[in-house]
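Structures for review follow.
Below, chain A partners chain B and then partners chain C, in two separate complexes.
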Partner chain A sequence: MALSATDLKRGGAASALLLPATLLVVVALVAPMLTLLRYSFNAYDPIMLMRETFTLENYARFFAEPYYHEVILTTLAVAFGASFGALLLGFPLAYFLARTKSRYKSLLVVLVVFPLLVGNVVRAAGWIALFGSQGILNVTLIKLGLIESPLEIMYTDWAVIIGTLSVVMPFMVLSLQSVIENVDFSVVDAALNLGASRFQAFRLVFLPLVMPGVTAGFALIFILCMNAYATPYLLGGPGYKMMAPALYEQISVISNWPFGSALAFILMATTVLATLVVTRVVRGKTV
Partner chain B sequence: MAELVIRNLVKTYGDHRVVDTINLKAETAELVALLGPSGCGKTTLLRSIAGFVPISSGSIEIDGRDVSKLAPNKRNTGMVFQNYALFPHMSVAENVAFGLAMRKVPKSEIEKRVAHALDLVSLTDYAERRPRALSGGQQQRVAVARALVVNPDVFLLDEPLSNLDAKLRMSVGMQLRALQQKLGLTTVFVTHDQKEALMMADRLVIMRAGRVVQEGTAEHLYQEPATRFVADFLGHSNVLTGTPVEGGFRTDGGIKLPSASTDGPRVLAVRPENLLLGGETEGVETVLDATVETVTYLGSITEASLLLPGGERVVAHHQNRTGRELHLAVGDTIRVGWRTNATQLLIDDMSEAA
Partner chain C sequence: MARALTSRLLFGSLIVLLYLFLLLPVLGITYVSFFNSQFLSFPPPGYTLRWFANVFEQEALISGFITSAEVAVLASLIGVVSGVLASLALVHFEFPGREAIKSFLLAPLLVPGIVIGTALYVFYIQIAQSTGWNPTRSLVGLVIAHVMLTIPWSVRLIAASMGMLDRSVEEAARNLGAGALKAFLLVTLPRMRAGIVAAALFSFVISFENLEVSVLLVQPGATTLPIAMLQYIEWNMDPTLAAASTVQILVIGALLLISDRFVKLSQVV
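Moving on, here comes the complex of A and B:
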């Protein structure tokens, strides 16, 4: 079919509507990324800070220094730990929210979203005040004579994992809830009617139907965790070894833009790769 | 296949009795239709037979065994859901095989029985398709095959024709009925569509507000409705309100009509096809002069709405046999009449609802 003048006009109008978003993406995302990518092949110079060249030195340094192996492994461990934790804790909650016929349902959803209204930094600061070595909890316990020296709660791996988990939990619950709400539960009834036990109906019918959505939700949360900055910095302490704080330190404290840029791309590549592996594994299992 | 017996079944939600003391029996190989308006409790009753709705009191027996406390997967019923509830992530063959796999039937036998079931519903060529790739009628047949392949004791159908378009409904209904008779399935069928029930059922159970109003064969219910509700729900009936008087019945419009029974508050009911028009009224007991209000030509019949002298409105169906065509115009005065044996004095169970 030939395109008429109105079709073309309509196509023009549609393109015009897409333009602002496209421009925003190009200016705010693509251009800075390309700049950083170019920087990552430059060399650091203590005096000039950055020297134009083309070298793989920054990437080589990352793979050569055991310190950065530890950083990336800690990042992966925290991200997986927090994401799996959020999945395990969030699934029952999301299931309940999706299935409840309570008239308080919307109130419950608001309660789930509520933590998002409190910024990461504010929340982490509150935790420091509560759980820090000079925090209310430790001071009280010492005054009561229950302990002699403060408990080490802050600045541990667990503090970071639990902190990150609590930040991403609302996202996990909301994405799981929408997935579960889209399931037609008569298929579960059908499975029971055909002789399946409740567990079999769950595993053979319900789970395969929600799995694509669960994977998508998990991937979203995992990416958030991999890139977490404020929570690890505040709850893990300034020296905590995760990628986002480490690369920020390179760029803003040491002013080593080339190495910081390389770290950024390594973080991105690792995130993409890990997300792909996880979704592949899950998909391979269910289909 | 087996006999299904339900005794004094009650299901309450809070104070509300959704199913109120139902007694029901489906003989071996009998198809019983539960018919009623939405909210009458028919679906709750069906779901309680399948075990999805825990009952408040009473019992459900299948083949003499009380199953009312058993989980759904222990009852051996085969249910076809209104939306078919096919497993979207499985092929047609996997859907049908599911119940057999749950019963730990050996693989080679599963293959044979799935093939046989798909053959029964003429879907052999579609075994590897996903449900989404099938038409509504085909999906319905998959649901039927999936429910039947496990040799259920009772076959349960929840509005199985309601998601099909009107043209398909008739033929699919006939096929389903033929299959049920061929396999001798004890079947409970839920519908709000009287045509489906009349077409398929051995016996109809008319439900209203959680109770059985009347049960019997289609003919029995149509010709001898026990109450105004049944007469009105099954087919159309002209209902004249009034009071029984000596030797007959006086309508609220003041027309005195001869009739037989005279006890209790009653309404007089006449089916539209039993209203005789013009020359047909020769020699019948009741003849009145009516004004034609609307005329609708429907091919085989002409439907006319008539205003009686007492102010009541009735609907008449005239059969358009060759040589007997009726030419009516709005505003005409026409004689309308009926035989006394074509009328019924019915218990008025609608007035409190009206």
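Moving on, here comes the complex of A and C:
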């Protein structure tokens, strides 16, 4: 098919409009990532810091050292725990927001978005005030006579999972709410009228309709969890083994750039792979 | 009937509990900021406003606030403007590779922020070594990094809101004699307002509170607010940080209320 003059003109306009954003992503993401990829094949040198070569040593080191197995497994466990938790807790809230006819709906949505806007560090500090051994939660539970000695929550996996979950839950609620709002509920009603039980109508009609939103929301928050730095650092303690703090340490404290670069790529590859696997599994189960 | 009522009550209390869970850390930190004690121990011996006065003596927090605000304004501006232009091309034109380019512009969302920060950190140092100009010495480096947060969110929100627009209105304007630019400025742009406001608000906030992308790119003495807060909390566990958080919560709350007057947030996010 030959391109007409108008086609070319329109193509030119489209390219001109796309140029700034595309150029920025190329300069600020693609070029730096390629640099980082190249560095991950270099060797660490105690004096020169980095020696140019081509080795797979950095990647091999990650797979050989049990410490890093623990780091990546903890990261995955926290990310899965927090993402599934956010899905489970976010679903009823999203359903409520999508279906409510309250005149305060706008306010109710803003209340969900609000914690998102105040930032991770502020919320982590809030959890510290609640979870500490002299914190509001423990002291209240002791006063009520429910427990005798303070619960050890701070610096445990639970603190990190709860903290991360609360960070990502608003994103989950927002993505779910928008898909549930677009569901045509007369289809669900039709299933009920035709004799489906409530569970069947939910499982066979409603769920497949919202699944694209569930997987999209899940992918988004899973990436945020894998990336968490402030929450594990503050709620898990400085020694808490997750990828983002480990990566920061290699680059900034130890200055082992080649190994740090390899860690960055392993983190990214693991994130992409896990997201793909989960969305495939979830989709396959319901459709 | 009774069963329907019980399940409604159960669902209602579940929703209240979920809201409580989401807002608990925010309420907790606000409450602690009034404690009249050096530590975060509960119950406090009394209440005071002195930590709020103390916030304004913490130079790191004040300069962090200013840096974060500057970076967030510049990054959102660049992100929203380039996002509007890109969305126009993505929604208004049919061309080969359109989906690929859209995915490419959304790609920064798929890369963990700490990885973006690391990549830019080594890239900037390489630039500094070969040209002598170090982007991290000024805000330029940080702004470019944050543009990787604002572009995907802008494209996502603006393109989504434009996808719902009816193109025939703009075509009608063209048929009635308006030029392409005039039709765009007078017809299309005003109707993109909701998407643009949402993108600007979201970009600003995402950039303002970002820690993962920035943590390797800041210079000592010129950090962003979240990093200044993190550094403060490492050494001091007094309610000053809680007071700073409360101020931030109030500012963000006011911002939300103001923007809600112009565009209904529930319709755009």
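Just so it is clear, the second predicted complex is superposed on the first by the 260 of 287 C-alpha atoms of A that agree within 3 Å, B and C clash if a C-alpha of one lies under 4 Å from a C-alpha of the other, contacts with A are read in each partner's own complex, and residues count from 1 in each chain.
By definition in this document, a residue touches a chain if its C-beta (ideal position, glycine included) is under 8 Å from a C-beta of that chain, and two chains touch if they have at least 3 such contacts.
Here the structure is a predicted model, which means the values were calculated and not measured.
Undergrad: Please tell me, clash or fit, for chain B and chain C sharing chain A in the overlay.
TA: Fit: chain B and chain C sit side by side once superposed on chain A.
Undergrad: Does the superposition put A:S186 against chain B (first), chain C (second), both, or neither?
TA: First partner only.
Undergrad: Looking at A:V160, would you say it contacts chain B, chain C, both, or neither? Reply first, second, both or neither.
TA: neither
Undergrad: After lining up the shared chain so the two structures overlap, which partner does A:L130 touch, if you call chain B first and chain C second: first, second, both or neither?
TA: The answer is second: A:L130 touches chain C but not chain B.
Undergrad: For A:A28, is the partner it touches chain B (first), chain C (second), both, or none of the two (neither)?
TA: In the superposition, A:A28 contacts chain C only.
Undergrad: According to the stated criteria, A:A79 is in contact with first (chain B), second (chain C), both, or neither; which is it?
TA: After superposition on chain A, A:A79 lies in contact with neither partner.
Undergrad: Once the shared chain is lined up, is A:A196 touching chain B (first), chain C (second), both, or neither of them?
TA: It touches chain B, and chain C stays clear.
Undergrad: Give the angle at the C-alpha centre of chain A formed by the C-alpha centres of chain B and chain C in the superposed arrangement, rounded to the nearest 10 degrees.
TA: 80
Undergrad: Of the two partners chain B and chain C, indicate the one touching more residues belonging to chain A.
TA: Counted on chain A, the partner with more touching residues turns out to be C.
Undergrad: Tell me the contact category for A:L267 with respect to chain B and chain C: first, second, both or neither.
TA: second
Undergrad: Minimum Cα separation, chain B versus chain C, post-superposition (Å)?
TA: Checking C-alpha atoms only, chain B sits 9 Å from chain C at its nearest point.
Undergrad: In their complex, what parts of chain B are in touch with chain A?
TA: 50-52, 71-73, 76-79, 81-83, 85-89, 98-99, 102-103, 146-147, 150
Undergrad: What residues of chain C sit close enough to touch chain A in their complex?
TA: Residues 11, 14-15, 18-19, 21-29, 31-32, 39-43, 78, 81-83, 85-86, 88-90, 92-93, 95, 101, 104-105, 107-116, 118-123, 126, 144-145, 147-148, 151, 155, 205, 208-209, 211-212, 215-216, 226, 229-230, 233, 237, 241-242, 245, 248-249, 252-253, 256, 260, 264-266, 269.
Undergrad: So in the complex, the part of chain A that touches chain C is made up of which residues?
TA: Those residues of chain A that touch chain C are 10-11, 13-15, 17-18, 20-22, 24-25, 27-29, 31-33, 35-36, 39, 89, 92-93, 96, 105-106, 108-130, 132, 134-136, 139-140, 166, 169-170, 174, 220, 223, 226-230, 233-234, 243-244, 247-248, 251-252, 257, 260-261, 264-265, 267-268, 271-272.
Undergrad: In their shared complex, at which residues does chain A touch chain B?
TA: Spelled out, the residues of chain A in touch with chain B are 184, 186-187, 189-198, 200, 204-205, 208-209, 286-287.
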